[in-house]
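Going by the order they are written in, the chains are A, B, C and D; count residues from 1 in each one.
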Amino acid sequence: MGLVHAEEMTLNIGPQHPSTHGVLRLKVKTDGEIISEITPVIGYLHRCFEKHCENLSYEQVIPFTDRCDYIAAMNNSFGYVLAVEKLMDIQVPERVEYIRVIMAEYNRIASHLLALGTFGLDVGAYTPFLYMFRDRERILDLFEITCGARLLYNYMWVGGVSHDLPLGFMEASYRFLDEFEKNINEYHNILSYNKIFIERSADVGIMPKDVAIDYGVTGPNLRGSGVKWDLRKDEPYSIYNRFKFDVPVGTGIMGSVGDCWDRYWVRAEEMQESIKIIRQALDKIPREGNVHEALPKKVRPPKGSIYFRTESPRGDLGYYIISDGTPTPLRVKMRSPAFTALSALSEIATGWMLSDVLVILGSLDIVLGEIDR
Amino acid sequence: MTIDNIIQWFQSWFPVNVMVLFITSVLIAAVVIFAIMAVNALVAVYAERKISAFMQDRVGPMGQGPGLHAGKWGLLQTIADTIKLILKEDIIPKAADKKLFIIAPFIIFLGAFIALAAMPFGPYLIASDMNIGIFYILAVSSFGVIGIILAAWSSDNKWSLYGGMRSAAQIISYEIPAALSLVSVLLLTSTLSMQGIIQSQAGTVWGFLPNWNIFNNPFSFLAFFIYFIAGVAETNRTPFDIPEAESELVAGFHTEYSGMRWAFFFLSEYGNMLVVCGLTVVAFLGGWQSPIAGVMEGAWWGLFWFLTKLTATIFIMIWFRWTFPRLRVDQLMNVAWKILLPIALFNLFGVAIWTLLVG
Amino acid sequence: MGFLENRFEDNIITAKLDQILSWARSTSAWYFQFGLACCAIEMMATAASRHDLERIGMMPRSSPRQADVMIVAGTVTLKMASRVKLLYDQMADPKYVISMGSCANSGGPYSRQGYHVLKGVDQIIPVDVYVPGCPPRPESLIEGLLKLQDKIRKERPLTKKK
Amino acid sequence: MIINQKVSDILEVKFPGVVILPDEPHNDFIQIHPEKWKEIAKFIKTDSELKFDSCQCITGVDLGIEDGLEVRYNFHSMQLKHKIEIRIAVERKNPSIPSIEQVWRGANWLEREVYDMYGIRFKGHRDLRRMLLPDDWKGWPLRKDYKTPNIYNGMKIPKVRKGWD
């Protein structure tokens, strides 16, 4: 018998692949099922966001921020308008602040639902995905009665929001939250505590604390690694300092700290926290108020620059805006959390099996629109 | 209705050459079995889509209004699918090994097809009741994996190759616990013939339960679960669907197949389900025996009971499919070699002692 | 093309067969699980519980070989364009393309400054139905799919083309 | 801001002459010379008073055709919870800057992106390739003097298609 000749195979996962969450290409070197090298190739959805910003006025940029992270569009435009408002020193009315927080938190829930659902899909569970979409649809209904759009809203404006809350929004909200809280248990039963699911995700793709910080990974991925870091708590923007909520971190209940299950779990827990925030905001919101009160006549920030971060569902979303005093920004740079999370992939996923790599990728919850911009 | 019976029946009417008669009757049986497989696939696909829809808060295939009907409740959906698939372009990739690529789906299909020849659908409804029936089914039902490997290899696609290799590893592992748990049944029934196994399960045990092997003793009760788990793995269905793992391998071993050839994969997947569930029913659930001894027995009732049990087990498989996530390939091997195999061996020992002591 | 297509003279039998065939094709148009951008999320929402594409017989397939309809859901960039073309070429005939959303139709909001955006997917592959919207609502996608089904049903695949 | 003053003072002691003092007073950032940038980066990451352990953002900026390019770094400290912005100006012709990819691993992709958009070379970067655009793309699209090509690999990318206006 001669020597068995083993050879590495190069495999292209993507750009079209059911579980790359968009048009991502992973160039992997495989030794059998084991992955020995991963090179993510991105840019298949590079839509020139930053070039557009340099040619459009400040308000016209808002729809493009929506389209960057199309799963959490509210949060993305929220960050942008806050940055512009800070640059222009605008004080928005109380009611607007509350409406923005409610919308951002709803969109965080919607985004996490999608993240958890597609994560389940990567592991091979199809049904939980549809269950989560069912609840996501109800959140989209709330958005729809407010601003008429389901996915990309253009709702946050500089100095206000486009529409006031419609009649019946509060009742519908309370009703939804009550039912949704019960449904979370259903997800835990069908997915979170499923033995096979735990086997697949616990102890897989461990991201240690120092690696996460070194790569600049933020959001649920960082918290999954056990770092208690949430901009809503640590650097409160808008009115987040008025609400009581916890910051869930990964504790390694099922495996070790920072594994895929922890990242999953942090997202699931964050939905609970968002529910808490929304409830408090709905209770405290001023009943009257004109949401268009503080809209500036023309958005023309003074000369200067700002780097402003908010906590999007995927992590620290930073906007770097340079104004030269004209109606169009000189430069808008988006620091996207999914971009940094994906850059850590080759570090944490090397040495795992092919199936694990896709699970790890799913657990990072990337959105290609935001990575490629 | 064994082939021998048909031959005798024919000979009493038309005294012709035995060989001609033999071939004719084999062909008749083959057509019937093919029809069973085709109908099974049509019904099972429809059922799977409807059941999954039901589990997922959807409605599944539905008629869509005048003119564009897929029938009431989408009953004609699978028929439309079939017609479409048959008349779709049949692509053979340039880099593929053409002969193997063409032959592979038929080999997979053949595995399920000839296994059904020994499947007793009723007291007399069996194509050929050979004296080594269960052994035969075990042997030919693992025929399909050769087809899978051929399909995977000849496609010249990396995803397919992964699927094929996974499938080979998986089937080799799961044949063993499956076979061992069937051997423990053979110890109880002391026959290899399918009809013999069913006939030995007549009567009651402890006065009220039917004397099916699953209820016969605690060890065979366990053996049922081992066989069923291994059987699900053999049919490549979730949670053991790693050879085609849609979210990992795009479509696994049949990534490059289109049109009719791909339909054959579909057909044989459901055919395999039929074989595995049929074997489960025969070996553990009393085949065509009525659940209450002495009530509703007879040739047609036998068919009814067999189909009922078959439907129930197939439903459980569909239920698995839409509830569980998928195992990883090494975990799958672990389950087979470290959990199922020891238990199956222990079981075999237990059944042997049981038969020795209790009878 | 399939082995029976465009082979027969026009008569009553082929007319009936044609009807059955195009009925089958329109009723079981399986779509290719292929999302590019924002519209892909709406496509997923259309396939999910509330709207349920399986109602009209559409099933997702992730291999292009087994799919009939390609829903180009999202912005096609220049880097992606060659891959879209490749995937289209890999599909088996008869194949149909739905261009979903403004980006796939014409470049949408990215048409003016998008140096890296293809201005309409119809520049590289033939498109059967355009669905407008940014992103189109699930209802409009379903409307587009029903329009496509109408189009397929009017086809006469067996008879010789004049 | 106090932290900027503090960093600026510490750097002035440790690396004399590296901080460029501003013409007009500002307190948002510190501007430094590019020469010793890698050493400074290592220093501010490990120094017990600064501990900037997270590289948040690297932004390339084109300040206009007459002015030059600039790279702006936003750092953040998870432990001490402070943040800083550092600016380094580079010339327009043949821009290059020391890479900090080996100091913060997260800087790897961020620098590649700046290279992709502005053509600023990061000296010492081990994998400086195009990031978002295809490898055969010509030009640096975010520079102000960039001209959008009309054709790429046989595909037309017109600014306005016939019949739109």
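Keep in mind that, in the parts below, contacts are C-beta pairs under 8 Å (C-beta built on N, C-alpha and C of every residue); 3 or more make two chains touch, one makes a residue touch a chain.
Given the structure is predicted, the values throughout are model-derived calculations rather than measurements.
J.: When you average C-alpha coordinates per chain, which one falls nearest the overall C-alpha average? Tell me, please.
T.: Answer by centroid distance: A.
J.: Per the centroid of Cα atoms for each chain, what is the distance between subunit A and subunit C, given in Å?
T.: 30
J.: Determine the centre-to-centre distance between subunit B and subunit D, using the mean Cα coordinates as centres, and give it in whole Å.
T.: Those two chain centres are 62 Å apart.
J.: Cα centroid separation between subunit A and subunit D, in whole Å?
T.: Measuring from centre to centre gives 25 Å for this pair.
J.: From the C-alpha centre of subunit B to that of subunit C, how far is it in Å?
T.: 35
J.: Quick check: what residues of subunit D touch more than one other chain, meaning two or more?
T.: Within subunit D, residues 132-134, 141 contact more than one other chain.
J.: Send over the residues of subunit B in touch with two or more other chains.
T.: 56-58, 246, 250
J.: Where in subunit A do residues touch two or more other chains at once?
T.: In subunit A, the residues touching two or more other chains are 17-18, 43, 46, 48, 51, 130-131, 134.
J.: Dump the list of chain pairs that touch, please.
T.: A-B, A-C, A-D, B-C, C-D
J.: For the complex, give me every residue of subunit D touching subunit C.
T.: Spelled out, the residues of subunit D in touch with subunit C are 132-134, 141, 146, 148-149, 152-153, 155-161, 164.
J.: Which residues of subunit A touch subunit D in their complex?
T.: Contacts found on subunit A: 42-43, 46, 48, 50-51, 54, 211, 213-217, 227, 229, 234, 304-305, 307, 309, 316, 318, 320, 322, 330-331, 333, 335, 339-340, 342-344, 347, 372-373.
J.: List the residues on subunit B that touch subunit A in their complex, please.
T.: Against subunit A, subunit B makes touches at 52, 55-58, 158, 162, 238-239, 241-242, 245-248, 250, 322-331.
J.: Mind pulling up the subunit A residues that touch subunit B in the complex?
T.: 9, 11, 17-19, 33, 120-127, 130-131, 134, 190-191, 194, 196-197, 199-200, 353-356, 358
J.: State the interface residues of subunit A toward subunit C in the complex, per the touch definition above.
T.: These residues of subunit A touch subunit C: 15-18, 22-23, 43-48, 51-52, 55, 63-64, 67, 70-71, 114, 129-131, 133-134, 136-137, 140, 150-152, 368-369.
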